[in-house]
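Each chain gets a letter, A, B, C and D, in the order it is written, and its residues are counted from 1.
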Amino acid sequence: MQTSTTRVETFSDGVIAIIITIMVLELKLPGLNKDLNAYDIKAHIIDILPRFGAYIFSFVMVGILWINHHHMFHLLKRTDGFLLGQNIFFLFWMSLIPFVTGLLGANPLLTSSTALYGLIMLMTSLTLSFMRSYTLKKGLVHTDEEREIKKKIQLVTIKDKFQSYLSSAAYLVSIPLAFVSVYLSYACFLIPIILFLLPYGIDEEQLAEKVIEKNS
Amino acid sequence: MQTSTTRVETFSDGVIAIIITIMVLELKLPGLNKDLNAYDIKAHIIDILPRFGAYIFSFVMVGILWINHHHMFHLLKRTDGFLLGQNIFFLFWMSLIPFVTGLLGANPLLTSSTALYGLIMLMTSLTLSFMRSYTLKKGLVHTDEEREIKKKIQLVTIKDKFQSYLSSAAYLVSIPLAFVSVYLSYACFLIPIILFLLPYGIDEEQLAEKVIEKNS
Amino acid sequence: MQTSTTRVETFSDGVIAIIITIMVLELKLPGLNKDLNAYDIKAHIIDILPRFGAYIFSFVMVGILWINHHHMFHLLKRTDGFLLGQNIFFLFWMSLIPFVTGLLGANPLLTSSTALYGLIMLMTSLTLSFMRSYTLKKGLVHTDEEREIKKKIQLVTIKDKFQSYLSSAAYLVSIPLAFVSVYLSYACFLIPIILFLLPYGIDEEQLAEKVIEKNS
Amino acid sequence: MQTSTTRVETFSDGVIAIIITIMVLELKLPGLNKDLNAYDIKAHIIDILPRFGAYIFSFVMVGILWINHHHMFHLLKRTDGFLLGQNIFFLFWMSLIPFVTGLLGANPLLTSSTALYGLIMLMTSLTLSFMRSYTLKKGLVHTDEEREIKKKIQLVTIKDKFQSYLSSAAYLVSIPLAFVSVYLSYACFLIPIILFLLPYGIDEEQLAEKVIEKNS
């Protein structure tokens, strides 16, 4: 019998896998299908460099969002109807990432494309944060009686909350900053990645497994 | 050993995940790849507003259909060959949603695109309803000996049937109404969403898990 | 711990789900993005009718192939390295179905597109048949000690072999027939569908589950 | 409860399934949608032959990479946060395969497209090798107390390491060789496939299952 969270994760994984992969279709410029010589390919590669930059950036962000989503659902003992709805809402904003990535890659120095990119990333980040808060409030998260593990879960929870709200704040600030200089927005876009890569002493993946092993 | 319903759900999840995601490709207009200035992007955004509306609408509907499909299979104890065939038939109509969404988004005020959209949604809704009726008739659904849970399953079943046939009726009516006014059709399209969002006191997700836990 | 056959099935399901879904992209003609009037849409719909026919046909065939693939792996107790390779080979031929479907839909009355379609379907059908024979020869299939179930498994096995080799034969014959008349080829294409839909008294899905339940 | 490695595999399977499937979209030339006669189709088929060659080649390589990835995760008892990050990095390089396959298929005799193809394959191969080394170093791999199985696991590990570093070396050499002759690069591209197909006496798939059965 498959358990409660499996199918939500399978479906989300499917959607996120498609999102992360169809962005690569943006790298193909219309002229690529014609016969090219070596010079054309070099020009083509230089031409797609900003698209490639936007692609790398979005790929990393979707990867981070997937890892966070994975960690969050990993610690859930069950889901409810409202959480399913919130997850669809989260996936909706995720699904717009290929669109704004294409827009930003084609027009990297424009205020409007940069601000729009920041807006979609903000919504993605916020909906994930709200989902996390909801699961905590409703008691859908695994707990543990052992003191040390309990403490670790609390620490991880606080860390994750802090991280996701700080990321949301960075994206929020990036939108007005795009009207001053797009480079300031780009600096904001880096903050969530730095926050994610900071070491903080607890391996969430291993913690989740320990808790699950004990409770199943 | 993976159980009976797992692979049908994995396959359906894959197909639905792709359907919900490739619709976003419709948002990209042909001109987007060229170098644009800020004015062009604004014009482009305004230009795609009806497409974006159709996208949001179809995304919500596919999300609702996925949740209903998920709830239905969640309560099944086994599948049979005919149900697999019906599921493929359901996925066939689902697979046409990106096509009619693109058509409606590009031509939101035309009778023909609106009527076609209603027709595809009608078929999707009907095939899901027939699948549900079939599983009930063939006794593929989990039952429970406990009185209260049994009653809840019956209530949920009646509610789901009512909801899905009412949704089908709304789509059926939307087709002739498109020839009077497309706005009347749009009003019909909202009915299934409202029916889905109405609170009715039982969390189907939690009920399914309770039943499954007891029977496995 | 996930068991042996799960990941092969997940991967195959993913590939087949994408194959069955990207075929719908062929339904969109280049002109669809422009503003259309009601007359244009009608012309467009008539224009895509042969494509739509090819889409329905391929959707049904991919669905049948998925059900057969599912039934085959459902009865396996384990996989081996060579079977993984054969499965990739099977998926390779499957992956060409959207290409030949597009070709056939755009040119339904041409010998070359019809013969090519028959060739790809032949290879798909043959590789699945070989995979089935291999699993039987290598003893990868579940057996059962109970006499009646054993007999049923044997019957199903014989039926499946007969069905898949007869389908392959129909596709093989369809290739030369395309040079006489494409309508004769179309008649051949219907044979595998008719063979699949014929009732033969045993529900493979239910049988597989009974065997698995007893052996796990 | 789904276990530790399941979701990483599901997500990776999704991404790899999409990568292997969207490459087929490259086979469609722009002119295919118009009405064609038999002569045009023959010309079209001849025109796409190099693309088709690149498609077959990349399909086989992605298939081999999937089987290797599958074998590696099959033997893992758990994952950690860093491994998740490495897996995303591996999938990033994988996701560029459709792009370089399209480039190589359209320009099979150019130094730049061949060298670029070699570079992406090198990165894909290297990141998988590093992931394998990491899991061994961190003790994430299943071990077994039985002497013979332990020895087999060691043999397989050595063989896999040897194979993946030799493949990486072949791709590394293929890049400068493309500036001498693209045919020399093509010869290098064949080495990983030959290495994979060489028989070496142990069925990795069956070994993994034996170990897992004993330890769960």
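The working rule: a residue touches a chain if its C-beta (ideal position, glycine included) is under 8 Å from a C-beta of that chain, and two chains touch if they have at least 3 such contacts.
Computed from a predicted structure; not experimentally measured.
Undergrad: When every step has to jump to a touching chain, what is the lowest number of steps that links chain B to chain C?
TA: 1
Undergrad: Report, in degrees rounded to the nearest 5, the angle of the rotation taking chain A onto chain B when the C-alpha atoms are fitted.
TA: 90
Undergrad: Which chain is most remote from chain A in terms of Cα centres?
TA: Following the centroid criterion, the farthest chain would be C.
Undergrad: Can we say the copies chain C and chain D touch using the same residue numbers, with more than half in common, or are the two sides different?
TA: Counting which numbers both chains contribute, under half are shared, so the two copies meet through different residues.
Undergrad: As a quick test, compute the distance in whole Å between the mean CA positions of chain C and chain D.
TA: That pair's centroid distance is 25 Å.
Undergrad: If you average the Cα atoms of chain B and of chain D to get two centres, how far apart are those centres in Å?
TA: A distance of 36 Å separates the two centres.
Undergrad: Multi-chain contacts only, two chains or more: what residues does chain D have there?
TA: 3, 10, 14, 17-18, 22
Undergrad: For chain C, which residues count as touching chain D in their complex?
TA: Residue positions touching the partner: 1-4, 7-8, 10-11, 14-15, 17-19, 22, 29-30, 78-81, 83-85, 88, 91-92, 95-96, 98-99, 102-103, 106-107, 110-113, 116.
Undergrad: Across the complex, what residues on chain D touch chain C?
TA: 3, 5-6, 9-10, 13-14, 16-18, 20-22, 24-25, 27-28, 32-38, 41-42, 45, 56, 59-60, 63, 66-67, 70, 74, 203-206, 209, 212, 215-216
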